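Two complexes follow with chain A in common, the first pairing it with chain B and the second with chain C.
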Partner chain A sequence: MTFFAPFTIPFIAGALFMFAAIFLKWLWWTVKLPKVDRRLILHNFFTRNTLVAVWEVVRESLLHIRIFRVNPLLGYMHMSLAFGWFLLIVVGWIETSVYLGWEMIPIQGHIFFKYFTQVNNIDAHSALLENLMDGLLLLVLSGVALAWFKRMASRAMGMRRATKHALYDRIALSALWFVFPARLVAESLTAAIYGGGGFLTGSLGSWLGGVVPTEMLALIYEPSWWFYSSVLGLFFVALPFSRYMHIFTEIPLIFLRRWQLRPTLERKSYDNFEVEACSRCGICIDPCQLQADLGIHDTQSVYYLRDRRYNMLSLKVANNCLMCGRCEAVCPVGINLTTLRINSRAMRRNIPHEGRYGYLTNIDRSSGVGKVGYFAGCMTSLLPAVQRSMMQIFNAVGEDVWYADKDGGVCCGRPLMLSGETDAARKMVAYNTDLFRRYEITTLVTSCPICLRSFRDNYRLDGIEVLHHSEYIERLITEGRLRVAAGAEVYSYHDPCELGRGLKIYDSPRRVIEAVGTLREAEHNRRDALCCGGSLANTVIDDGKQQRIARRMTAELEATGCDTIVTSCPLCQKSIARTATRPTLDIAEVIAQRIVS
Partner chain B sequence: MAYRVVIVGGGAAGMQTALELKSRGIEPVIVERDIELGGKVRGWHKLFPTFVPASDVLFPLAQRVKAARVRCFYGQEVTDIASDGVTLRSGERIPADAVVMATGFTLFDAHRKQEYGYGLYDNVITSVDLERMMNGGGVTLADGTKPQRIAILHCVGSRDEKVGQRHCSKVCCITGVKQAIELREMFPDADIFNFYMDIRMFGPGYEELYREAQEKYNIHFVRGRISEAAETIDKRIQIKAEDTLTGRPLRMTIDMLVLLVGMSANYENEGIAQRAGLELAPNGYFKTVDNFLGAVSSNRRGIFYAGAVTGAKSLADTLAEASLTASAVDDYLKEVFNK
Partner chain C sequence: MAILNFGYAISRPRAIDVDNNDLRKSNDIIAEMPELQACIGCGSCTASCTAAAITDFNFRKLHTAVRRGEYKGVYDELSKCMLCGKCRLVCPRGINTRGLVMLIKRKLGDF
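The block that comes next holds the complex of A and B.
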């Protein structure tokens, strides 16, 4: 039996090139992994995590369950292409094996089986298998049709805006679109000339046999297989350099992630797996408020990752992000978009001038004595009412408190991290860690979610429990230490990005508010909450644009008909207060007003 | 029959426009939101740079308006304007041949700069509060005692992106100098400081007064904005600032902090402009056709501006502009109706 025909050369060459390129990429990325990461892989390889990863590959790389949650039609499109194609390969392999036994057949023998059955005079007409294969082809074709439809009417697929692709991706995309229609044509022509075929290729074949003259059929038969093989080959050659590399990157990424590898504030080889796992589906575009409120269309995560992958990332794109995490929350691949963006901000010289931080030695402006430490943070210092309310609460429960920065302190470091100045940030981290250790506190309360995020994510404060003031107040109320009077006031609550999506603290502030009044939820809340626009992370947009972002968010809060807007972040409070027509209070102020002594 | 012009706002700009129109044989009608005429100048003590009592300007103006029998609506708010009349909140419509917007400005709400503690700390007051104190029972601390150290902070709600106020309010610098001198006369032994970004002394006699404040009245000027204020246990105010001339951070405890609040555009401007098709400047003030020959004209024919409704202005500038507005309205009426 022969399994070679000249038309298979483009396919074979393309496939060989693709697998070689993918292998080299994987190898290079793995070799370059830092020691810590390689140790994590070895450590976690023979654990349950590996099995969990296998299951996740099935769910996410084949079935795309997370995209189904965004929009069922969009999920079906991705599933039909990925899972449908996968099944075509698997069932196709079974098909050849059924007829030819379990012997070694070259890969093109499987892929172009319909062609080689004629060449080798194999009688392969199982109605079950042929209909099954046609069914799968139809599944994939329906996905292709939806993909075309999505280009023209993305809104119907739950996306207001679809990704604008680079020329290179367009080539790969067009090749992919042609692969399955080309297969349909080639297999139908085969059926037209030689008979057979399932409900799809068979019917189309007999129809073609009726309308197209026999000489014509014979003339286009061979070229149709050439075309199918060529578009496959072209797609394979383009794949490692286009967005379709995500197919073969998401799989190792899922394993690496299950083995606890994570991106950090410094760039490292692991980032490649995250960056190239992006399929540029564009689901991240709609949630971006820079896009929705300001009409900025070049900075969303999909474009940021694309620019970073092709080494054309500008500092402006890297910096033009609120780091609100709304894109990260919906990313079906679960890429750590904010951390990646932070580490690509460190493109400038990242060595702080020593003299600039001279003030860090020998200063200590802390006061008070207690096991509970209170860190107001720079932003809270601009809202003395919040600090005062916290002191009222501490006094009401008789807590002995050590005030870390009542008379001025050192920044937690997160604003520096967000702007890529990680070395300078480390100086702040070291200073504050030392300060907390020296006063031997066991609990650290802060009223700033930005500080809280850095304490939890970037400090090593083992032995010190770090709490947001909403968590602390909730505990005081639950334990019965703080008594508050409920009233008729109606509140609406704004979830700060760093506290909500950043640290998953959604319930504590709500329980605290519900202890004193009625809470009404805004249209976007919890995981979907809008950003206030005042984020420290964006150094590109000006103040007027920040206010435009804030205005829509504030309007949603006011639309609840609340008497008072409540938030639990000093920065959010500043942003809201300047656009709101209703009083805006911090959660601590709300509680301090309602203390029953 | 005389042409009728509705003037929205009965402050200095509105009154002056009304008088000028009347003298040109046009019938002005003033619609005032408050229960009496006078606007923001009411409640002011003395005027810079000559220390003339504000009442010496306001009373004669109001007297002349009364004597001229200008029709005035009090306690009425205008919700919509057009070149042929205005609509009141009650729904009533006042037809007119032209309309003048003279609704002035809104004082910046010092609560919005919470870091200075206005409304939180007893002895943090605004420049407007200080004028009221001088008009009333006199200037004292919250406990009734005399202040020994006073700081006046410039640019509160002016030239401050963080509160969406990019513009200079023009009058605060000279007001700070004026109030410092007045405080010096009340408290000869007190330390008085002005914290400023830069001192803008553009008017006649202003620069001279600024020098006099330093040389004759021993008032200290520190270049640097105050970043934060905190209240001490004995109700004094601790301030943090940077002296940018020496490049050093500075901490100081004072008895009283006076915030020189700036001028903001009226909140209502946006809705009125949108419905009437008028253009607004980015800072929310009404936008004039140009700064030179069309400085009192709107982009809608028949609607004119007078005073601080188009941007921060001193009282002197406002009065001068109001006469110009009346002249522009007169020209318009002649052109449109007398052809």
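The block that comes next holds the complex of A and C.
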């Protein structure tokens, strides 16, 4: 039996090239992994996590469950292409095994089996298998049809905007789109000449046999297989350099993630797995407020990752991001988009400067004595009413409080981190940690989610409980230490990005508000909440643009018919207040007004 | 010592000769951030500044000097900024001051 024909050369060459390229990429990335990461892999390899990762590969790399949650039709499209093609390969392999037993057949023998059954006179006429293979081909073809449809009307598939692709991707995409129709044509022509085929290729074949003259069929038979093999080969050659590399990157990424590898503020080899796992599906585009409110179309995560991957990332694209995390919340691959962007910034801006912040030695602006520390944060100092309200609350419950920065302190370091100046930020981290240790506080309350995020994520404050003031107030109320009077006031609450998506604190502020009045939810809330636009992470957009983002978000809050807008971040409060027609208060101010003594 | 610093010491001449200063960097900076020309020099940025509360860091002085082509020492001085962003919130002209700090440092990296 022979399993070679000249037309299979493009396929074989393409496949060999692709597997070699993927293998080299994987090898290079793995070899370059820092020691910490390699140790994590060894440590977690023989644990339950590996099995969980296998299951996740099935769910996400094949079935694409997370995309189904975004939009069922979109999910079906991705599932039919990935899972359908996978089954086509697996069932195709079973098919050849059924007819030929466990004989070793070269890979092209499986892929072009219909062709080689004629060459070798194999009696391959199981109706079940042929119909099954046709069904799977139809499944994949329906995905391709939806992909075409999506190019024309992405809105119908839950996407207001689809990704604009680069040249590499367009080549690979076109090849992929031709692969399955080409297979349909080649197999149908085979059925037309030699008979056989399932409900799809068989019926199409007998129809073709009726309308196309026999000489004509014989003439286009070989070229149709050539075409099928060539588009497959072209797709394979383009794959490692195009977005389709995600197919073979998401799988190791899922394992590495389950083995607890994470990107950090500094670039490392692990980032390659995250960057190339992006399929450029474009689901991150719609949630981006820079796109929706300002019409900026070049900075969304999909384009950022693309630019970074091809080494053409501009400073502007890296900097033009609110880091609100709305894209990260919907990313079906679960890429750590904000951390990656921070380390892109760090690569350009983290300049060693030893003498920097020398003035931090011997500075102590703290006052008061107590085991509970209060860190107002820079932004809160622009809103004295918030700090005053916190002091009222502390007084009402008789808490002894040590104030870290009542008369102006030192920044928590997160703003520097967000702009990529990681080393500089560490100096603030060291300064503040030392300060908290020196005064031996056991609880640290802050009214700024930006500070809170850095305290929880970047500080080592073992032994000190770090609380957002909404969590602290909630605790006071549930423990019965603080008594508040409920009123008829209607509030709507804005979830600050750092507090909500950043630290998953959604319920504490809501419970606090519900203790004193009625809470009405805005259209976008919790994980889906809009950003106020004032984010420190974006240093590109100007004041007018910040206000445009804030205006739409404020309008949603006001549409609830609330009397007062409440938030729990001084920066958000500043952004909302200047576009709102209703009073905007911090959660501490709301509570301070309602204290029953 | 305190009385010596009070201002009775002899002041050195402080003339700024805009005609002879090299304004290329300054023009570059203004071209990238034209809104800087809207600055009215109110000093709110300095008044609200976290770093200014604990050192003699003065952002208004620095960006004014840069606009006039006086770059000496500005880079090192600007490194005192903690980028906390309060200045941007208080600026009555809505100037992107945080972006400006980063821009000036980027442009003056070699001064």
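The rule is simple: the second predicted complex is superposed on the first by the 590 of 597 C-alpha atoms of A that agree within 3 Å, B and C clash if a C-alpha of one lies under 4 Å from a C-alpha of the other, contacts with A are read in each partner's own complex, and residues count from 1 in each chain.
Everything below uses one rule, namely that a residue touches a chain if its C-beta (ideal position, glycine included) is under 8 Å from a C-beta of that chain, and two chains touch if they have at least 3 such contacts.
Predicted model only: the values in this text are computed from it and were never measured.
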| item | value |
| --- | --- |
| Partners on chain A (chain B, chain C) - clash or fit | clash |
| Touched partner set for A:H353, first chain B, second chain C, both or neither | second |
| Chain B versus chain C as contact partner of A:Q593, first or second or both or neither | neither |
| Touching partner for A:T443 - first (chain B), second (chain C), both, neither | neither |
| Touched partner set for A:N71, first chain B, second chain C, both or neither | neither |
| Touching partner for A:A577 - first (chain B), second (chain C), both, neither | first |
| Chain B versus chain C as contact partner of A:R365, first or second or both or neither | second |
| Touching partner for A:S142 - first (chain B), second (chain C), both, neither | neither |
| In the superposition, chain B vs chain C on chain A residues touched | C |
| First (chain B), second (chain C), both or neither touched by A:P384 | first |
| Partner chain in contact with A:V540 - chain B first, chain C second, else both or neither | second |
| Chain C collision site on chain B, chosen from 224-232, 260-268 or 278-286, when both complexes are overlaid on chain A | 224-232 |
| Intersection of the chain A residues that touch chain B with those that touch chain C | 381-382, 408, 542-544, 574 |
| Touching residues on chain A, where the partner in the complex is chain B | 381-385, 388, 408, 542-544, 547, 574, 577-578 |
| In the complex with chain C, residue positions of chain A that touch it | 349, 353, 355-357, 359, 363, 365, 378-379, 381-382, 407-411, 413, 415-416, 419, 421, 428, 534, 536, 539-544, 571, 574 |
| Residue ranges of chain C in contact with chain A within the complex | 35, 48, 50-51, 53-55, 76, 79-80, 82-86, 89-91, 94-96, 98-99, 102 |
| In the complex with chain A, residue positions of chain B that touch it | 112, 114-115, 117, 120-121, 161-164, 228-231, 240, 282 |
